[in-house]
Structures are given as structure tokens and as C-alpha cells.
Amino acid sequence: MSEMWINMGPQHPMTHGLWNLRVKLDGEIVVDVDPEIGYLHRGIEKISEDRHYNEVITLMDRCCYVAGFSWEHLYILAAEEALHLAPPERAEYLRVLCDEFQRIGSHLMWYAAFVQDIGLMSPFLYGMRDRDLVLDLYQSYTGARMTYEYMRVGGVRNDLPPGFSAEARQVLDWLSRRFDEYDQLTLGSDIFRKRCDNLGILKANDCVAHGVTGPMLRSAGVKRDLRKDRPYSAYDRVEFDVAVADGADVTARYLVRLEEMRQAVRILRQVLDWLDKNPGPVMAEELPRWLGAPYAPIGREGYLLKRNFPKGVGFSAVEEPHGEAVAYVVNEGGEHPYRVKFRSPVFSNISAARKYLIGYHVADIPPIMGSVDICIGEVDR
Amino acid sequence: MAQELTATEKPNENPILWVTRPMATAARQFAKSLFRPSTIVYPYERLEDPKFRGRLKVASGKPFGVGQVWDNYRGVHALNIATCISCNLCAFSCPDLCIDMVTVPGGDPKHPKKCPQIDYGKCSYCGFCSDACPEGCLTMTTRYELSTTKRSEMIYSPQKLLEVFQHKLPMNPIRLARPANEDAILLEPLLCIGCNACARDCPTQCITMLDIPKPEAKPGEKLPKRIWKEPVVNDSDCVRCGTCISVCPKECLFWGTRR
Amino acid sequence: MQPDDLSRHLAPILGDRLIAVEPFPETAGRVRFRREGALDLFRAMRDDLGFRHFSTVAGIDWVDHREAVYVLWSDDAKQYVLLSVDLPAGDPRIESASGIWPSANWHEREAWEMVDLNFDHHPDLRHLLMPDGYTFHPLLRSFKLHEPEELEVKARHV
Amino acid sequence: MSGATLFSVSFDIGSAILRGIASVFPMPESGWITNPDVILGLSAVIFAAILLAASMLNTILLIWWERKLLGRIMDRRGAMHVGYAGLLQNFADGLKLFRKNTVQPREADSLGFYSGPVTYMVTSLIIFGILPISSGWNGGALPLTLLLALAIFSFAPLFIFVSAWSSNNKYSLMGGMRSAAQMIAYEVPILLAVVAVVIVSGSFDLTTIVYEQQNYWFWGPLFVALIVFVAGMLAEMERIPFDLPEAEAELVEGWNTEYGGMLFAFFMLADYLRALIGSILVVLLFLGGWTLPTWVPSGLTTFPLAGIFWFMVKTYAVFGLFVWIRASLPRVRTDQLLRVGWNRMIPLSLLAVFLAAVLVTVKCLPVFGCVPSAGGM
Amino acid sequence: MTTPAAEVTPPKSSPDGAFRLEAELPMVTEPAVPFLEIEALRAKEFIPAAKEALGALIAEQGQARVIRPVFNWAGRNSLFPLHWGLACCAIEFAAAFGARWDAERFGVVPRSSPRQCDLMIVNGTVTWKVAHKLITLYEQMPEPKWVIAMGNCATGGGPFRTAYSVVPGVDKLVPVDVYIAGCPPRPEAMLDGILKLEELIRERKE
């Protein structure tokens, strides 16, 4: 059979979202690929310009729907820098708590989707089941499972409910036992190793050149983690290791993500200890009136007097579960941000698809793309 | 830090038979879930039932739900029309513009009572409105089943929200404290014409019009044409809704810090 | 790495094409340059200063002119740096960075699509997020959003 | 071994019907009705109908069994709201698919598109006519039942490929090609493993093979052959880990991507028919068919239709093993599958044949017989 | 200065006793419904359906009227949704097929090929770029078919309805049978929508 182009997407079980991978096949071998995105472009950056600073948070949850907390955190850091505010320390710890729980939740979602790509059926259910426990924890203090609206400019919305810490610890114990079970189901099976070893190799040089970040980069042996290299919030006050592997293949990415979940459990235990000991305010004291969140009558109609508020530019970068996310917020003194720009890690990771897909079999596309951990919401924004 | 690189090496275990270990794990799970899988039989069992609340039971291998998951879940709003003061704050704070203030019976003809009508086809359940509600009359409940066959049934009028309130569902217990350095309504006296619009429309009736002395007209100077009254805002009653600012014809009220 | 280090290193290379290096919190600094020096600056950043990771390029429409902000990261210094260049609104052209950093390819496509920055010598400057044939540049300030036409539904219980 | 057989039952039904007709309409020229040939013909039809109904019922039950078992392994419940414990779920599925429109894609080859699923289904059904279920409960008592069954069983790739090619879809085509390659690759080891059984039992007749297992079931002495046979059957049945033709992750639904409605139901049914046949073959060749070991209490083997009961229990247990494998193993890749097929399975099956020959020559079979059985039911 | 921070204040007086603090709650034991009983819970629904069919047979003696309830029973109990994920709601869609909610209990099994589906759950924002693909997929599904608009984006554009690239409501593209509000709806809410659709199919008259 001669070479042929096939469209994998936008509706295809492999995509885990809404994008299109055009694949040129020679028999079963991939000769060329052309990823095509934009099917979920919702104009978040544009809508943000019409929204109040705190209202952008609702968009951030929906921007990356498996890592809402991380994107809230990203935006909040940039907005606070643009508005010259600083959160109290307890809020910083609470944000780290959110981030790390989100990392576990996102990686569990990834695990569930990834094992389905290589045909494992039951671990999908196990991953979703354990993820639901983490979501229950989110719900117990934010009030929602996926769209939290929890962080605010200048702090967080509310403190943890009583008894949260004990429950969170139970969930962490349960999860850390489950991680070993996951390993049994995947690494313990020879078929998995045969499928995933030496698959989708993207070496460190290519990773850096193509802007690939996150677990994909760390699986190539590059020890870059913004939580360590450029600590934000309370990350400089907790102990953890950066998970690195050196295979640069699908198995290595699997290992890195599993190790990150274990490290997240470790961080969370420290953070919970700190939160138990140090009660305090969770919202900054000196907030401008219209940022004093809950009671802010937001000047939709334009009759609120514009006040002279110092201009500023905010820049932040966080280590999202998928990789390095960057936000750039321009404050021109109004109630709305003048310009919001986000950098999504998966955006770059997909753009390098030509580097790690060509030469493999068509059956290898799902595991490789699964190991990239695609969240198309943040790619298209 | 004991280790620098944590996951450097792939565990290179040699499986005895290439299927045994995952199959053993699956069998273990099968044995656990044979008589009681972690499924919740939804229409008959509900997570918000008291029997699923309380402490987590993951230790027994039956993850069923965590603690007080449901008390602050953000579902459908409940509106207590009786205590609503028509301050518009919910509609202002809504990021999705899904709240309309509609007239409900009960107000006097001059000041019709307006209560929120919420379009659940637009609402993003962020809770900003219930956070903004100064009287606590608009809260979010744990009700989440909202499927309809008509788009129009998604718009909940105040009466329907009142029905939700009367069901007495668990409501979001988290109330946010008001910021201590909240701005107050300030007056630019030179612009004010004493028209009483702010006092008339204030939902909390915290504005009173006080008489001010009419100054003597100096020769050659014309006194401004106005009523010689001035609004005085009672800060402790004010909910900072901004209605007075919006109705002021002369734009003489503004936000500021009271010294 | 401090702004002074940056300017000390960049001034001989760029000359008057370097406007200033401003301090920027939590980064190595913010390099303002003229667009004629783009390629030299990029090359210097990557090869000499070790900023090998191209993070993103943000296009900002200031109505009278446009601004492109490049975000780079160095694994050695463990720092970000921002490169900012002003482009005239009538002719927002700048040299493409995708020859220096391959990852700039998609980011520049997006910037062209959204803010209408034209990248010279870009290998593949076509629509990325919007469908082909879309003629607007949505993130320009002149592009306004509006509420979709109201549904003809009314609440039943009013 | 006495009592009713399948054919005697259908013969009784047929003759009763005809005699009834003859007694109700006592016409002089109606003597042909009770002619033995007519009775025989009618009973053959009834026989076929019973077989069809039984195989269909079993297939549907098999799907239910798989769904429930998979559900439990996955820590959930599976279908449970339709009928008692979801027993009617698959009837609902079937009825719904029967009612749905069938869409033929433009530029699809209608002959292949429609004939593919039907022939796939029919060839799978034919095999049921020759499989013995209990002593006397089989259709054709041919001397070469085993060979015939395997021959018909291996028709399938042809029809799959025809229907895949006809539906004019790239995913279907790739799935069809994979299916053909994989089935052909695994035919050889399966046949060689069967040869081992044939060497030991000395017969191609399935009934004889079962009776040869009265003293010891073959799974002990022929363990290597069992492994090869089960692996090959997994590939033939296209189940995880060898479900490449339908690999959901990359080929949307494999070769039945373009099929909906009743044709899809045919594919689904035929798949599970083949799974049922595979399980039955494993039971017949290696697990002693309908016989039980002698040490079990005699009450367990003497109730009516005990043979069929135990046969079904074994079949469903073997299928449960397939489900267990499906729930816990990932899918292999095409080249790996073929490599395993040609490089591992064929040598392994040759080894099995060699071992069987050695065992027969040395006459040490009872030593390995794990379940001594005096048979006789 | 007093703290302006947000605080968790438990409700001062529970107006109706609906609030219960954690300490008062009973410990969760096993769910009360026994094992076999819970499996049989909805089996009872089949009996009315069968009765309905029989009653129609006796009353009407018309073939179509007899068969329709049976097929409606079959159709509503085996809804195969299209397996695709658009946006946030797709995650909750997946969670509904997870272990905790297990939509397969109702016979809902996602299929990847539109030819084998009879239910399209539009679980997320529909952009103009994907609109014609959505219509194609809808047209590829064989009759009878249904559409559920899951979540606010599919219902009316949700928070993104003002955006330049978003279709404000999937009902502008395909006919929608059931809307599920929520952002995103909980998995229970999705199941509730499917049950509502089953009620629709039960009264189907064609």
C-alpha cells in the first residue's frame, strides 16, 4: 500500500480532547505528522480583558480543566504582581496545598487516560476512583469538583473546614498505597514494558530546543522544575525532590509522573503540618476596595469612578502538572487587566510532535501522545 | 536531601511470567469488590445522604466520599425573598451576567422590589453572588440536578428560587467577613443638589437627608439652584451596593476612604 | 544574572539597537531593544547567555503601537528574561525567532494570528487556532466582544 | 450413558407434531405425514432451531457474564438496572440495534458490506452444529469434527477483510489487514497444539477426545499445548491483549467502524460466538469436556443433564479466565504480536507436539494426569 | 485593625436543622441496601414495561402499537453515547463512567464510532471551527438518535458565549433533546439527564 494521510481527530479516542493529528502512514509506520489545534479556542485571553481581576479566575478553572488550581495560581501570582499586592503566608501555604493536590488529581487523570491508550482497561477505573477521592477533598473546601474559584487576588477565599487535615491525611495514606498497585498493573507486566520502552524518545537537546517542559523534559534527564529553580509561594519552605528519569521514553515519563505524585504526597504532609500549627488570615489586609472580593460591586455599568491605581506588569511562572506555564498580565490602572497572556506547556509539547512520533508504528501514537498528557483546554485557551 | 535524582533508573525487575503480576493485582481488586464495589447506585443512593457523610472510609478499601463534602457544595441558589433588599449586588458581581433583577410583588409602587432571576444556562456556579449578598438571602445549596428538556426551564425566577429555599437543603455555611478597610460613600458637597434620589433608592435606607444652612448670597454671586439638604450615609448599615452613586444625577457621590 | 550583566554583555553586540535593560522583579531583567537588532539579540541570548529555552512571545496592542514580549529561560542561571520590542502599528514586522529556537514556531504563529505581528522569514506563518480564512485579529483592542443575540426564551414563573 | 440426546429430543418433538397433525386430520392421503423421512426432516429443522436458540442465548449470557465480571474486577457493578441484575441488558441492546437504521457509507461496496457480517455470523454458527456438548448432544457425529471445526473457524479473516475493505474507510481497512495477518499467524500454532492433543488421544473426533480424558484431563500432561492453544485462541477471538484489529485507541473501532445497527449486532454476536466456541474447545480438548473426576460425590454427576451443566460451568469458567486476562493486560503491538506468533508460539507448539509424542511413546501419561477420573456419565 | 480576611464561620443557627456539623454525623458504615436487593432495584421497571406491552397487545391488536413499547424499552435502556470529549464536561463525563458512578449500570456504553451510537453528549464548548465536524458526526449517527447538551457551554455558550470563536449553544447546530445545566454538571447530574432522556424515549410515538 502506498503512503496515505489519515486524520486522527477531532473525534478520535486517542486525542483526549479536541484536536486533530494528521498522520502520514507507510503501512503501519508513521512517516509524517501534522498536529492541528484550535478546535477548542475559546478566546480566554480576550474575554479576560473584559473582566474584573477576580472574575478572570472563573476562566482559569476552565482553561485547563484538569489542573484548575495550578492555573488559578499562575494567574493570581501574575495579577498580584501587576497590582502590587502580597498574600499572607497562610494563603501561600494553602495555594501550595491546592497545587499539589491538583498535581495528584491531574496525574491520576493522566494515568487513567494513558493506560486506556495502551489497552489496559481496569486501571482506568482505579485511577478515576482514586481521583474522585481527591476531588472530594477539593469539594470539601472549595465547594466544587473541578471549577473551584478558590484563589482570589490577595489570598484565598476561605480557610479549610474543621477536620480537613485528618481526612486529607487518610486520603494521602490511601493514595500512597495505591501508587504501588498502579506500578504492579503497568510496570509489572511485560507487555507494558515491551510496548513503552524506547518509545517516543525525545532527547534532552530536542526537548530544550522545542520548548518541551514538564515531566517530558524531566524524563529526558533535565532537572528543571520551577518549584525548585524559581520557588514561588511556599515552595521554598517545603522539602521535596525533583523527579528525574533518563530514558526519555514513555516508560520514563510514566516513572516521572508516578514519582511526582509520591513527592506531592510528601509535600502535602508537610503543608498540612504547617497549616495545623499556624492559623492566621488568608486574605491580604490592604486591598483596594474593588478587590476586597466578596462585596465588590463591580463596575459593569461603568459608573464607578475610575481611581488612580498604580500601573504595573505582572509576570509569573508555575510548574503546572503538565509543565512550565507562564502568565503575563498588564495592568493599565483600570478595573480589568489590559492584556493577559498565558503560555501553556502542552502547547509546546504538542508542537514538537514531529520529533517524537515519526518512525514509530501507528499503534504507538496513542501511548506516546498519552504520555505527553494532553489537556487541550489550555493549549487552545 | 538523601537522593538527588529520585527516579533515575527504571525498575528492571524480571517478571517470572509476563502476565502474573497485573493479573494478581486485578484478582485482589476483584476479591475486594466482589460483594461491595465502590459504586454508588445513584438514583437510589446519593452522596449527599447522611449515610455517606462523616468520616472517610478508605481504610477498608471502600472509598465512598469524604467528610463534609456536601455542606459547601455550590449548586442551585436558594433565595429568601423576604430578606432580599434589592441591592443589585448579586447581579453586579456575576461574571457571566446571568442574573437579572426582576420585579416581584411585595414592594411599594414607588420602589418596586427586585429580586434576582438566574439563568442556569449561563451561570458558572462561582459563588460570587452569594459571597456578595450582604443579607445572606442568596445562598447556594447542594441541589445539582438541573436537566431540562426546554432551555427556558433553566431560567429560575425569584419564586422558583424561593421554592428551592423552602426545601431547606443544606446551604453553603461559609460566610466571608467584610473587609475592615472598606471604602465608604463620600459626598462632593459642591455638586450636590439635594434631590433625594439617593435616599429614595437606597435599599437599606441608610441615607438620610439632613438640612444644611442656606448660605447668604454675596452680592453679585448667584446661589446655586438646589434644595438645601445633604445626604448623610450611615456607614454601619451601608452595604456598599453603589445604587446611590448610580442614581445620582450630578455624580456627586463617590467611593473613598472616610477619615 | 542582573540587568547590569545583561547590558554589559549586550551593549557591544547591539550598540544603539539596545534601548535599555530594566530591572524586572523575579527575572534577570527586561531588555528593551529595537527591532533591527532582533536576530543578533536572539543569537546572543541563546549562544552567549545560555537562554536556550524559548518560553513564549506575547503580543500586546497599545493602539498606537504594538509590543512583542519574548520570555526566555536559562537553565544555567535559573532565571527568566523578558525581551521587549516596540513595533509600529502600521508595519508590525520583526525577524522570526524560529530559526534560533524551533519552539518559537507555534508561538509566533499564534502572535501573528491574535495580535497581527508579522514575523519575517517564518517558515510556516498560517492560522493556528482559528480556521483558515479568518481575517480578524481578535486580540487587537479594536476588536470588541459582544453578547450573542438573546435567546427568545423567557422564564416561565415570573 | 443413556437417556435423551439432542437429536432424540428433536426427533421426539418432530414425530409428536407430525403424529398430532395426522391424528387431527385423518385424511386417507395423509399417510406421507408420518413417513419416517418427513419426520426426520422436520426433526432436523427443529434440531437446528434448538441449536440456534441455545447458542444465541448462551452468547448473550456470555456477554452478560463478561460485563458483570469486568465490572467487579474494575470495582464497579456493571449493567444492573435492566432486568434482574442486568440480565436483560443485552436483549435490550440487541432489540435496539435491530431497530436502528443501517447506514451504508457512500462508495462502499454493498455486496461485501452486507455479506461480510452475515457470512461471518453464519460460519461461526455452523460450528455449533458439530460441537458435542454432552454425550450424544451433538449434531454431526463426524469422524473429523475437530478438523472441521477449526477449518470453519479460520474462515473468519476472509469475511472480516471483505467487510473491512468494502466499508471504504481507512481505519476499517487497517483493522481488516491486521485481523487477517494475526489470524493467519496464529492458525499454525493452534493447529500444532491440536496435533499434540490428537497424538495423545488418537482421534480427530471431539467426542472421542473427551472420552479419552476419562482417566486424566489433558491440561496436565499437555500444559505447553494448553498455553499455546489459549494464547492462539485469544488472538483468534481478537480479545485483549490481542485485540489489535479493534484497537480502540488508534483505529476507532477497527474493522467495524462503519457498521451500525443490525450489521454491527451481527459482528458483536459473532465475536462472542467465537469466544464461546473458543472456550468450548478449550474445555473439550484440555479440561475433560462434560466429565467430572471420580472423587466427586455421585450426586453431582447423576442429576438430569448433569453433563451439560458441568460443561457449561467449565465453559464459563474458561471464559472468565479470558475476561480476567482482558481486564488486567495491555494490548500488544502488531509487530510484537506477529513476532510472538511466529517466533515464540510455533517453536512452543512444536515442543508441545514433541512432548506429546514422547509421552505417548513412554506411556507415562497417567503420571502427569492431575485429575484421575473414571469418567462415565 | 481587625482582620479583613475571609473566615469560615459556621452558621449561627441552622434554620431547619439541615446543617449538621461533622461531630454530629454518624460514622459511615456500609450502605444499608443489601447486595441482591440493590441489583434488583430497577429490575422492577421491566415488569411495567412488559405489562405495558401486553396491555397494548390486548387493547389495540395493532402490530405497531404492540411493538413500540418494547422497542422503546430497548432503546431507552441501551443508549450508546458517542465517545468524545470537548472540554471540561468531558472530564465529568469520564468520571461518570468511572467506578463511583458507573454509567454502564444503565446500559450506557460509549462507542467511538458514530455509526454505533444513538446519543451524542455534547460535553463542552463548541467552537465554530469544530461546528461542521459536530454536524457531520451527528449526521453519521443512524436514526433514531438523540442529543444531550451537557453543561452551560453546550447549552448556551456558558462563560465563553461572548467570545468570537464560540457557538452560543449547540442547539443552533443540532436539535437538542435534553439540556443539563452545570459548569460542569456533576456526574450525577449527567446521569439524571440520561434518565430524563429515557423518560422521553419511553413516551416516544414514532
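For clarity, chains are labelled A, B, C, D and E in written order, and residue numbers in each chain start from 1.
Just so it is clear, contacts are C-beta pairs under 8 Å (C-beta built on N, C-alpha and C of every residue); 3 or more make two chains touch, one makes a residue touch a chain.
Fair warning: this is a prediction, and the values are worked out from it, not measured in the lab.
**Student:** By that same contact rule, can you tell me which chains touch chain D and chain E alike?
**Tutor:** For chain D paired with chain E, the chains in contact with each are A, B, in label order.
**Student:** Counting C-beta pairs in contact, which chain pair has more, B-D or A-E?
**Tutor:** So, comparing the two chain pairs, more contacts are at A-E.
**Student:** Please report how many Å separate the Cα centroid of chain C from that of chain D, as a whole number.
**Tutor:** Averaging C-alpha atoms per chain gives centres 64 Å apart.
**Student:** Where the CA atoms of chain C average out and where those of chain E average out, how many Å apart are those spots?
**Tutor:** Chain C and chain E have C-alpha centres separated by 44 Å.
**Student:** Where the centres are mean C-alpha positions, what is the separation of chain A from chain B, in Å?
**Tutor:** Centres of chain A and chain B (C-alpha means) sit 27 Å apart.
**Student:** Cα centroid separation between chain A and chain C, in whole Å?
**Tutor:** 23
**Student:** Quick check on chain E: which residues sit in contact with 2+ other chains?
**Tutor:** In chain E, the residues touching two or more other chains are 1, 3-8, 22, 38, 41, 98-100, 102, 105, 112, 129, 156-157, 159, 161-165, 169, 183, 186.
**Student:** Where in chain C do residues touch two or more of the other chains?
**Tutor:** 129-131, 138, 143, 145, 147, 151
**Student:** Among the residues of chain A, pick out those that touch two or more other chains and give their numbers.
**Tutor:** 12-13, 38, 41, 43, 46-47, 50, 58, 62, 120, 122, 124-126, 129, 132, 147, 157-158, 161, 163, 185-186, 189, 191-192, 283, 285, 287, 292-294
**Student:** Mind listing the chain C positions that touch chain E in their complex?
**Tutor:** Counting only chain C, the residues touching chain E are 129-131, 136, 138, 143, 145-148, 151.
**Student:** Tell me, which parts of chain A touch chain D in their complex?
**Tutor:** Those residues of chain A that touch chain D are 4, 6, 8, 12-14, 28, 115-122, 124-126, 129, 185-186, 189, 191-192, 194-195, 361-367.
**Student:** Within the complex, which stretch of chain E touches chain B?
**Tutor:** Spelled out, the residues of chain E in touch with chain B are 1-11, 15-16, 18-22, 25-33, 35, 38, 41, 99-102, 105, 152, 155-159, 161, 169, 171, 177-183, 185-186, 188-189, 191-193, 195-196, 200.
**Student:** Can you list the residues on chain E that touch chain D in the complex?
**Tutor:** Spelled out, the residues of chain E in touch with chain D are 38-43, 45-46, 70-71, 73-75, 77-78, 98-99, 102, 104-107, 111-113, 115-118, 140-144.
**Student:** In their complex, what parts of chain E are in touch with chain A?
**Tutor:** Contact set of chain E toward chain A: 1, 3-8, 22, 82-88, 90-92, 94-95, 97-100, 112, 114, 124-125, 127, 129-130, 133, 137, 159-160, 162-166, 183-184, 186.
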